[in-house]
Amino acid sequence: MQPDLLHDAVAIRVLNHLHARSPLVHCLTNDVVQTFTANVLLALNASPAMVVDPDEAAQFSAVADGLLINLGTLTQPQRDAMRAAITSARCHNTPWTLDPVAVGALTLRTDFAHEILALNPAAIRGNASEIRALAGESTGGRGVDTTDRAADALHAAITLARQYRTVVAVTGEVDYVTDGERTLAIRGGDPLMTRVVGTGCALSAVVAACCTLPGDRLENVAGACWIMKRAGAQAASRATGPGSFASAFLDALYGLNREVAQ
Amino acid sequence: MQPDLLHDAVAIRVLNHLHARSPLVHCLTNDVVQTFTANVLLALNASPAMVVDPDEAAQFSAVADGLLINLGTLTQPQRDAMRAAITSARCHNTPWTLDPVAVGALTLRTDFAHEILALNPAAIRGNASEIRALAGESTGGRGVDTTDRAADALHAAITLARQYRTVVAVTGEVDYVTDGERTLAIRGGDPLMTRVVGTGCALSAVVAACCTLPGDRLENVAGACWIMKRAGAQAASRATGPGSFASAFLDALYGLNREVAQ
Amino acid sequence: MQPDLLHDAVAIRVLNHLHARSPLVHCLTNDVVQTFTANVLLALNASPAMVVDPDEAAQFSAVADGLLINLGTLTQPQRDAMRAAITSARCHNTPWTLDPVAVGALTLRTDFAHEILALNPAAIRGNASEIRALAGESTGGRGVDTTDRAADALHAAITLARQYRTVVAVTGEVDYVTDGERTLAIRGGDPLMTRVVGTGCALSAVVAACCTLPGDRLENVAGACWIMKRAGAQAASRATGPGSFASAFLDALYGLNREVAQ
């Protein structure tokens, strides 16, 4: 199965929808990336909220437009909140997205990821090592970093997408997004994105936001990848290092909105 | 009751006091805004500290100058720490400030907010939906965002201020601060402030810092609002988006200090 | 014992090693500084990971190159995870670094710090009040801030280094690093570093990274201090306040890498 390149026009339609609808995204994510994740969503006119108590998480998932489950700093109490939120989201037909951070060798998150895979995620976004580990092809990367190229995980991504009837995004130098039948490729971005913590985790939040939009889910998820790569390339051209990059990246996301809104 | 506009001279006196006294503010706040909250206080020459274990929180509130209670990512263990900190603060006549984030439809935080309202907060700072929900007028906003204008919550703010003998700040495009008898209005700021996570939460921390200062508490809380609106307007004039805004905002707060200190 | 000034050539060798080896640093650190800590390590080409569940923390410390234990927002569950991670690190001869934030008057962290001191930290990094409190000379500073100058804690640092056969860095306007026999002094930096939350905590993470490098540990730890002071001075010369400073600081760390790599 040869990937097709995502057309800009398709991605811009996704961005337009995102801007117009301003989805409320419930983020159960890791401790390290909460601020950046919220700021990325806000820059795109989406509305982030982190509600973490199990009972409140269930109440909140019932009213949010989308839900993000990121396993980066999973604890047992957080696992309970995530279970409650996913259950509530499913009752309300709210799409939820899985970011299986560092799944593979670490027991708690790996067991939990396999448990919730059965609960119909709308999308899964991970790096090559994570997607391969989730599909049972390997035991994961080096810490939170991948040791594989995205293309090497394409087979695993397609397998997962078919088995769980979901959309899988495996991201890296080139991003690949597949629903098991069709695969889209997204180029762009910049290596500086790997020197700022949370760009991958924030992408998963944008995926969660885009899963709430009308239209084809494969294209919506691919649109999320395009948005981040486009802003990353713009920011890199203005930055002198990862500090100025992070700031320019949020500005670029915000400007992308305005560019397209015109 | 017609609000009066806060005079710049009054606000500058508050800023001078804040700069000179450098209060130590114990912040029990949500996971998403911890860094930004600390950096806002540091930029204003105040001294933030987050001590979260229940026993340590009680020990620390006994030595801090002020205490902030922000319910944004409330959990049951955090609730215990907050109870202990408030109790300790009251024993030592240390003023504490409540930020009732997203109070309304979410059970744990709403019940807890009503419980601690009885423990004499020096100030309450929230958006219109939060203040209306706290006063029993509505069931809250959309996630952490308000669905009301600040002016619409003025009645609720005055009711709360009278009932609990506290100062209530309801903030938005215009901020209103009331002690139930007199109301001050603060204009300024910029819509970009709503595209950066934590500007409202950080304002509550500055309110907590200003509640430690000598003089009229109504004016001190209004001064906190003025400081943030002034820095927000300055930063917006230099920013090209929310990333550069956040950075320029901290610079502006820091410069405000220096401007006034001269 | 008269401190020697650390030679630039020694520090640059440390930076080169750090850049070439890209150590994986397991950070069990406080809630306020997670993002900044990760971004500082990433800017220096090191690889941060925060794995916080007790079982996973033990699994992860077995594969990480170094471990950071920062007590800033210690809780009882976090204490369990830290114990498990340290035990695992020791089994695998992985060096671990202690940042005893605000040790002194707060019971949980003070007791725990004394408990784990016996578990052979490779290095300890603190401000003057923290190092004096750890050595039993005082009861700590004002919140997380020091009330002493670094030079005043030199005696305590030497005592600790000898007693626990470790390297102690006591940092402030001038940093001192001692192994109990020899002491190195590092000048530079800028007062703006104290107006950005997490510069001290991030230094401890860089210390943890440098403890994984070959060569003399005293020089490696002193090299970590030099890296931060050098980047701090560069950033201050470009910044107009703490917001632009934080961004310029990450850029400077990143540029330092590149400067030296050439």
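Per-chain numbering from 1; labels A, B and C assigned in written order.
Convention: contacts are C-beta pairs under 8 Å (C-beta built on N, C-alpha and C of every residue); 3 or more make two chains touch, one makes a residue touch a chain.
Quantities reported herein were computed from a predicted structural model and do not represent experimental measurements.
Asker: I want to confirm something about subunit A and subunit B. Since they are copies of the same sequence, is their interface symmetric in residue numbering (over half shared, so same) or not (under half, so different)?
Answerer: The interface of subunit A with subunit B is built from mostly unshared positions.
Asker: I need the rotation angle between the copies subunit A and subunit C from a CA superposition, between 0 and 180°, in steps of 5.
Answerer: 120
Asker: Express in whole angstrom the distance between the two chain centres, defined as the mean CA positions of subunit A and subunit B.
Answerer: Centre separation, subunit A to subunit B: 32 Å.
Asker: Listing for subunit B: what residues touch at least two other chains?
Answerer: Correct list: 31, 35, 246-247.
Asker: Show which residues of subunit A lie in contact with subunit B when the two form their complex.
Answerer: Per the touch definition, subunit A meets subunit B at residues 24, 26, 31, 34-35, 38-39, 42-43, 47-53, 55-56, 59-60, 63-64, 77, 246-255.
Asker: Please name which positions on subunit A make contact with subunit C in the complex.
Answerer: 30-33, 35-36, 72-76, 102, 105-109, 142-145, 194-198, 239-244, 246-247
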